[in-house]
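In the two complexes below, chain A is the common chain; its partner is chain B in one and chain C in the other.
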Partner chain A sequence: MTLLDVEGVAKSFPARRRKAVVRAVRDVSFRLDRGQTLGVVGESGSGKSTTARLVLGLIRPDAGRVHLDGMDVLAARGDRLHALRRRMPMVFQDPYSSLDPTWTVRDIVTEPVRLGRRRDRAVPATRAAELLELVGMAPAFAQRYPHELSGGQRQRVAIARALACDPDLVALDEAVAALDVSTRAGIIGLLQDLQTSLGVAYLFISHDLALVRLVSHEVAVMYLGRIVERGPTERVYAAPAHPYTRALISAVPVPDPVVQRNRTRPPVLGEVPSALAVPSGCAFHPRCPLATDICRTIDPPVVDLDDGHAAACHHVALITKEGVS
Partner chain B sequence: MTTVTTRPESAFAAFRRRFVRQRLAVVMAGVIAVMVLVALLAPWITPLDPNAQALLDRLAPPSTKHWLGADDLGRDVASRLIIATRATIWAGLLATCVSLLIGLPFGLLAGYLRGWADTVLSRAADALMAIPPLLFAMAIVAVLGRGVTNAMIAIGVVTAPRFFRVARGVALVIREETYIEAARSIGCPTGRIVRTHVLPNMMSPLIVQISVTMGFAILFEASLSFLGLGVQPPDASWGSMLQRSTRFAGDAPWLVLLPGLAILLTVLAFNTVGDAVRDSVGRENRRLA
Partner chain C sequence: MNAVLEINDLVVEVATAHGPMVVVSNVSLAVGAGETLGLVGESGSGKSLTTLAVLRLLGTSARIASGEILLRGPDGVLDLVTLPERRMRDVRGGRIGMVFQEPMTALDPAYSVGEQVAETVRRHLGLGRTDAWKRAVELLDRVGIPSADRRAHDHPHHFSGGMRQRVVIAMALSCDPVVLLADEPTTALDVTVQEQILTLLGELRDESGLALLFISHDLGVIADISDRVAVMYAGQVVETAPVHELFAAPRHPYTRALLRCVPSPGSDRLATIPGTVPTFDALPLGCRFAPRCEHAAAVCEGAPIGLDTVAATHFARCVRIEEVVS
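Then we have the complex of A and B:
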């Protein structure tokens, strides 16, 4: 059942220089089912975070539609918008700045509960303890301040706060990127357990391809503000249909040194262009080994391949026939 | 399950530790505490009636009867200094409250909302800053009548841009913090964000500004009373005592010295404590102060 339906969302920001425009997100569409995880991958500046903020109603898009559970997010205003946002809270990358330093953990995790009520009636004292238990923390942490906690503990608090919203969807914006490896494993395990027990969907934003493969049911690959490929995780990783995805996946090191040494990797030329000057036609064409004349002039539409696997490339047929190189 | 380990020093404990290291500030905080206490208890602790004239004691030097001497009308200087403390602290509080109540909300609004609200309010604040406080207070007193209340409300209005600037500047920084976006992402309404997230995070710079403005306002109260536009006779004020005694400075120097020292000490105390608070705020909050 579709929980989140995003269609044709776009957003540009005025650049510091007058007249210039940063095209942060261009024509992004995807769907996310209840209890599923959509991994969004891409280089920094590819529009992953902006996409999340557009979907959550934190930034107003220039175009497009966003529906959560059939309700129009972009048409909502005031209290209705606030109530909608509470159904899809966000967990941020840096747990050192995403918690208000003047609040205790108890107040932080129960804030959504207080917001959801007509009046500020006292939240039952046990609520904070329940929420902390859900993320594997002792109730005694309720009286602590954020600066007294470690990074992993803070991120658990941030997750507890998101769960206090009783959410349908949690957006995780690089939520484990700032944690060290062992802590990261703990948080990922916690997120997966919570998905199983609470049936919450995740919008999992990350630049870590291996991690996305591990947690996501579906992935969307972004390049310069567009989704260039999306589909079921295993299918995309096993048979990437877009040259950019192929390049990304081949850049992930393989544990076996022999295999790693002998792999042939498709070349990606140069650097990511600036979002201030998105190339004509297919935005990837200046770096693409397969680029032809049509790529320079026409932006390829997203073409369905099979079973929800789709890619935006003029040469999809060529790649899929050739197989993974 | 993560276990609770030993608790690190709380933010307040760290603040206290740094503050106490500054000896002068601790002494000055004591001075302020005594001043406030004296102001509260003034009517009950004056040795003699501060307004009672004893012409036989005119310009009497310090003695057992008049601890700090008597003025040109034979009024007890110690009693007058004590009762004047009350007027001084009240005047300072009044001006600071008016200043805070005008400057803070507009500053929060301008800094958090930015855009045209910021432009309009900042221009208004700049315009207000351009008015000389003393002249403005004199003009207000001329229109509304003499008295500390009118004068101090005027001073409060003219000094409001100080709080405006602090509140706006800090709000501009805080609005970019992730915890503000985090609050937005769980559907916290704007007014509530400003009240519960922005305001508590600017307490330390505000306390500094309150302290400094108190000193400033007290100086203006003394100036206005010196000019005869503040506290009205026969009631005592450090400023008016100073003005009256200048004529007898040669015969009775303590008459000039004592109110002058009182003003100096009080203003110095508020400024020193303000600076010390700023220096004692934790590293993470210092950039705001």
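Then we have the complex of A and C:
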């Protein structure tokens, strides 16, 4: 059942000085089912975080539609918008700056509940303990302050806060990127358990392709503001159809020296251009080993391959026929 | 092997209100010419402090309490622990080049990149302005900056993250160092750019016979670039081995657990390590990993555990290796 339906969303920002605009997100469409995880991957400046903020109604798109559970997020105003936002909270990368250092853990995790109530109704005293239990923390942590917690514990608190209003969807924006390997593994396991027990859907934004593969049912690959490929995770990873996806997957070093040193890797030229000057035609063409004349002039449409797997590349047929190297 | 950089029994202390606290405990490492030693560990394991100690850049709150840091060059052996500060300044950026995580902290935004590379050359090699500039352009070209003669006039903010890191690498290489210390040099970069920088560092090492000490928390990066790997935990080296052996047959329970914490294709759960890294004011007397170790037994507690020989080039700080492996 579709929980989140995003259609043709676009957003530009005015650049500082000059009259240019940053085309942060262009024509982004996807769907996310209840209880599922959509992984959004891409390099810096690809528009991953802006997409999340647009979907959650935190910034307004220039074009497009966003529906949560059939309700139009962009048409909602005031109390209705706030009620919708409580159904889709966000967890940020840095638990050192996303938690108020002067508040106790109890105040932090129950704030969303308080905001959703009338002033005269208090939050039940047990709610903080319930939320902490959900994220595997003892009730005693309710009296602590963020500075008394480790990075992993802080991120658990941020997750507990996100769960406070029984959300349908949690947007996780690089939520484990700042954590150590062993701490990260614990948080990922927790997120997986919470999805099973609560049926919450995740918008999992990350630059870590291996992690996205592990947690996502579907994956969307973004490049300079566009989704260049999306589909069921295993299909995309096993048979990437866009040259950028192929480059990205093969650039991730594998923690196995035998495999890592014997991989054939298509060379990726240069770096991501500035979103101030998105290349003409296909935005990836200056870095693409397969680019031809058509790529320089015409932005490729999204081509459906099979089973929800789609890619925006003029040479999709060429790539899928020849298989992945 | 004749190591270019050899660290013996290095102890680093940090001053606290309750007296000195040991944060790097008897670390011994060696890197040979043309070799890459990968140093891996989680935050607080002491890997960055070890590199800062090599450069004697520990600041005012930390100090080298004991040990030796030997740098072998054409003109003999220097012990960096006892070297006068004046001569240490020649070593930093001279015989030892360094590359850190964030290129913008290593570059001055007010000067062109050419001037910055040329300044290092003038300072260490004593070249004149014209020659130093020529050498700077050559170096920028060598590290893959396109149209280096023109781009040398640009300031750092005109460069992308990857290009800035190339500039920093050019500065590090400017005085033909024998050792390159690279502390998380690709962590702030995008993955396609990371690949390019790793390739570049590998080439430079092979061309000039640099000894490369490469620090990273990323096991994939370590697997890519290292010849040998040292794993650090709570201020100690807990295992060291040639890269293939370390990944194929890790012996220390921490190394084994760490390798299971990273995603591998086909699995849908990550292994976790219970508990947390001990704080330096409450280190266990015996094995520092014992409180989190599934193989821990009475023998692990009570007394410090030494590095045990597994094979000629493979060492692990564990007294229960037999049980761990079976």
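Everything below uses one rule, namely that the second predicted complex is superposed on the first by the 320 of 325 C-alpha atoms of A that agree within 3 Å, B and C clash if a C-alpha of one lies under 4 Å from a C-alpha of the other, contacts with A are read in each partner's own complex, and residues count from 1 in each chain.
FYI, a residue touches a chain if its C-beta (ideal position, glycine included) is under 8 Å from a C-beta of that chain, and two chains touch if they have at least 3 such contacts.
All values derive from a computational prediction rather than experimental measurement.
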Fit or clash between chain C and chain B when superposed on chain A: fit
Partner chain(s) touched by A:Ser182 [first = chain B, second = chain C, both, neither]: second
Partner chain in contact with A:Met137 - chain B first, chain C second, else both or neither: first
Contacts of A:Ala24 with chain B and chain C, given as first, second, both or neither: neither
Touching partner for A:Val157 - first (chain B), second (chain C), both, neither: neither
Touched partner set for A:Leu203, first chain B, second chain C, both or neither: neither
Touching partner for A:Gln260 - first (chain B), second (chain C), both, neither: second
Superposition-derived angle with apex at the Cα centre of chain A and sides reaching chain B and chain C, degrees in steps of 10: 80
Which superposed partner A:Glu271 touches (first chain B, second chain C, both, neither): second
Least Cα gap, in Å, left between chain B and chain C after the two complexes are fitted on chain A: 8
Chain A residues contacted in one complex by chain B, in the other by chain C: none
Touching residues (chain side chain A, partner chain B) in the complex: 56, 58, 79, 81-86, 89-90, 92, 94, 97-103, 111-112, 115, 136-138, 140-141, 144-145, 147-148, 153, 156, 158, 161-162, 165, 171
For the chain A and chain C complex, residues of the former touching the latter: 43-44, 150, 152, 180-186, 188-189, 192, 207, 209-211, 213-214, 237, 247-248, 251-258, 260-261, 265, 268, 271-272
Residues on chain C engaged by chain A in the complex (per definition of touch): 42-43, 160-163, 190-196, 198, 217-224, 226, 243-244, 247-248, 257-259, 261-265, 267-273, 276
Footprint of chain A on chain B - complex, ascending: 1-4, 7-8, 10-11, 177-179, 181-189, 192, 197, 200-201, 203, 284
